[in-house]
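One chain, subunit A, links the two complexes that follow: it is found with subunit B in the first and with subunit C in the second.
And then the complex of A and B:
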């Protein structure tokens, strides 16, 4: 059934956009189709798919970043594949398989370097954004061999920051000089950091811990950033709930001076004061949160949930911490992406083969797009934000 | 001499970009050429001008906003002219003269409405972003007739916020419903508000006062926003310095939890705590600040100055409040615009007929562009920010 639907969609959509059609690229985006290794290029103004591009390999847990001109998407597959996609022609501009098992990537602030975080072999590899030629290889060497790397983000000043799952270290790779990158190793992050985020101002890097009950923050504005434990003992593992899905830290929301943070293994969103980094409240939720994403501006936070409660999205009012709306888009809501100024939000409903589009203020459904097992949704405005 | 240079530039630059050249629009921008009524379309990746477009009328004190697809710029002239510029073809897509004397404009969060702030006749007029057909006329009526309007910004939810210079009121025009906009009038803003800003999260609107020694803040997240006086008695007029040029509030920087604010008539940047809105320090500067612009991320604030000290730019470290660098680009530095992730900054040097491009981290000069009396510089990434 699913395969038949996909075939139908492919038949309906053109294979490439007409090359003589001038158009801006600020309102484009992509939808990852995880089981078919394909990507939909979408138009957020028209609320429509433009074209499907196939042949991107294993796209389970895939993510993407964009070139500064917003013409190209760099799609990071799970199988080590790195694909440069031309959004204007709907074609693959370049593609490499750079490792055996990968988890996300980042693009430098000048748009010239693309970095990929690898599990196998453990480390980070950096490529020329134009050609995908290799620029640098940073094996994540520690006492135990090569560590898996997680939480790779870009930081201002041609830097990449990432964390070693096995070693409990965070590394800063600085490409601002000539020649090889300068790598700063910061130990003492904690046991099994599983993901990381950088705040939009490029100042705070925060690693979530799987092996301990807390998180670790680094102030990248300091000469020598020192690890600071936050939310120590917030209750991860306090209750015997199985952890169905690790939450995504890149989705952490900064809203009205507080971070909204999906708790691991709990039916809660945690609030953290952005200045003191102390806990500032909790909101009970429908299930284990996966993404807690602030509507741009931070007036509300939208939350989706882990299996088996993943048909639902809840909207939390930032000022009160109260849930103000609950939607049930359908089976397996995997991701939410706001238009850059926050007036609309796109929601992928994997097992309904559909992306829903909502008015972010009224919650009215404005449209939907057929997609094959959609997961991540990424709009080109990310090109101009740090850490996305 | 200036006219001869302009003629040369026009001869060198092509009159329009080739229409068959596909390109992204995320790295484009415009430079206002104030005395010739022309605009340069620029490419921030190539650090180059692409094409000059003429015939935009009186561009003294001009500003611009961009469509969500980042293909079109809307240029607001001083003479009531509103020009829709196609950045891909280098041509004027539409142009109207909608009033006799204007001061800036804004675009709604959905990109469908463009609003212009008028002195003559006093009020705000709103146009269809596609066609520039009139949508609404909001005369700024008060006891004294029609007020000049200033500080027009967009707010989330298809709203525009602006302030009445003569009446001391701020109005919120809400276009989210069907039919005519709902206008909320808020009195008691103070004597002669001369400009306004909205914070990037769309929450705070702040009006600067010319007739009193302070500013007024409104929390737009409240049901009924009430005016709150801030920085009362900070010293505007305390010293007998003539005010050479009113600072621009749209340039107000939010950095590391503080606003950096150009003081009126003083050689100072004021720091305001973003949560309490209390004064949080002052930095003595080279002259009367005009723009205090945060490098994206807020690590530094760049400041330019009023005549006669306007050949200089100073860079303030946000954490310490200290000046860490002073540049002297040349005569009449009018504006500064950062690339969206803050790695480079463009500086217009009006009386040198030049735009300089600097590395924002090292202060190294990376390039320059010839331009005829350049003033405002606007990059397309503004399309995706609130209040710019």
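And then the complex of A and C:
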């Protein structure tokens, strides 16, 4: 019955809306509906969906970045689809299918280039943010052919940084000059890096490793960044638990001088000193963390978990490292997104077809939005943050 | 009294069989949404390999069910034993190989 009601609510949303009324976009965002290939454009002030846009292809594992004017979302689909979505008109401004199998993207600091990370064919392709015309193709060539690429982020100076899952390398593609990008290859990152993050100051790139017990950091402020292993052997030689969902490093958490990072194959969040990069504590959690996301300002870190313990969200106090609250929003919590100043947090509950909205300070539930198998939630404030 | 017990027994067994029968809706969601984390919602692959029927042509259902239950050591494929029963693993294997609900 609840489901039927949700379906009804979904059905009455218009599929396109005219932009008759002037409005800003700073409090808008999108919710990915992974199974139906649609997105909801949402208003975080009204805590409501404005419009549903359909026809974005396979949106399983989809993510999005925003234009500097916060009008357009670039949505990266699993099927290689790259869709430029106009948040004001609720329409698709441009769309291409640029590869066979993709995993996220990034937008350059000047907002003029959009890059997509591809599994098939392995590598990164870069497009004009205005027209989606191709600008550059960077095949991830290594001894074994083409590597799947992961952890693609933007870095200051019109650069993109990404990592090769098969090859264990991180590449920096510099588009600051004329013509073809200058690509710097850095080897020795480690076995099977599964994702990467860049800190908000653009200095540190960290690759998480699936095939080894640790992570690798690169100082991008150095002329020639050298890999530095951090949290080496954090599993203490213990057999890791089976991993039913890879953690995500995007949405990294820097809080009170420490990073919070999800452990692989362990029910733990790991803390790293942001200056020394040494381990600075651990927090035992309900399950294997997928996202560990700091509330803007860093006062708490919110954590969700891998299948089958994915009905729960825990909140860690940054100062003490203790869990201060546990929520059970419902089956398959996939993502969490804070409002720009961090007063509220939106939580997608895939198998309940619902997005829940919580007060980030009191944990009180403030509202919910019906959505068809919601996954990623992305607010336009990301437009002005490096690496998001 | 004995005849009643005899009557009840088949009913009990039928009930048991029903409880053990794979729940198709649950398994379809598991395959596309959760296996899909690595293999893609359409099963055409991601970090994990392509699981579409044509790609799996060389596999038999029994072998595939064992991979599901025990994983592939040295790779990112985890063992699902404990989360799915042997009957459910076989159901998933049959579904992957035929593209139809068994």
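What to note about this one:
The rule is simple: the second predicted complex is superposed on the first by the 374 of 388 C-alpha atoms of A that agree within 3 Å, B and C clash if a C-alpha of one lies under 4 Å from a C-alpha of the other, contacts with A are read in each partner's own complex, and residues count from 1 in each chain.
We adopt the following convention: a contact is a pair of C-beta atoms (placed from the backbone, for glycine too) under 8 Å apart; a residue touches a chain by one contact, two chains touch by 3 or more.
The structure displayed is predicted, hence computed values, not measured ones.
With subunit A as the common reference, subunit B sits beside subunit C without any clash.
Of the two partner chains placed around the shared chain by superposition, subunit C is the only one that A:351 touches, whereas subunit B remains out of contact. In the superposed pair of complexes, A:319 makes contact with subunit B only, with no contact to subunit C. By the document's definition of touching, of the two partners only subunit C reaches A:308; subunit B does not.
Once the two structures are overlaid on chain A, subunit A sits at the apex of an angle of 160° toward subunit B and subunit C, using CA centres and rounding to a multiple of 10. When the shared chain is aligned, subunit B comes close enough to touch A:296, but subunit C does not. Partner contacting the larger number of subunit A residues, of subunit B and subunit C: B.
In the superposition on chain A, contact is made by A:361 with subunit B only, not with subunit C. Of the two partner chains, subunit C is the only one touched by A:35; subunit B is not.
Of the two partner chains placed by superposition, only subunit B is touched by A:24; subunit C is not.
Shared-chain residue A:44: touches subunit B; no touch with subunit C. With chain A used as the common frame, subunit B approaches subunit C to a shortest CA-CA distance of 31 Å.
Overlap of the subunit B and subunit C contact sets on subunit A: empty, with no shared residue.
Residues 34-35, 58, 60-61, 78-79, 100-101, 103, 119-120, 148, 150, 165, 192, 194, 210, 242-246, 307-308, 332, 350-351, 373 of subunit A are the ones touching subunit C in the complex. Taken in their complex, subunit B has these residues touching subunit A: 19-20, 22-27, 44-45, 66-72, 87-89, 109-111, 156-158, 176, 200-203, 221, 256-257, 274-275, 296-299, 319, 339-344, 361, 380-381, 383-386. Residues 29, 32-34, 36-38, 40-42, 44-47, 71, 76, 78-80, 83 of subunit C touch subunit A in their complex.
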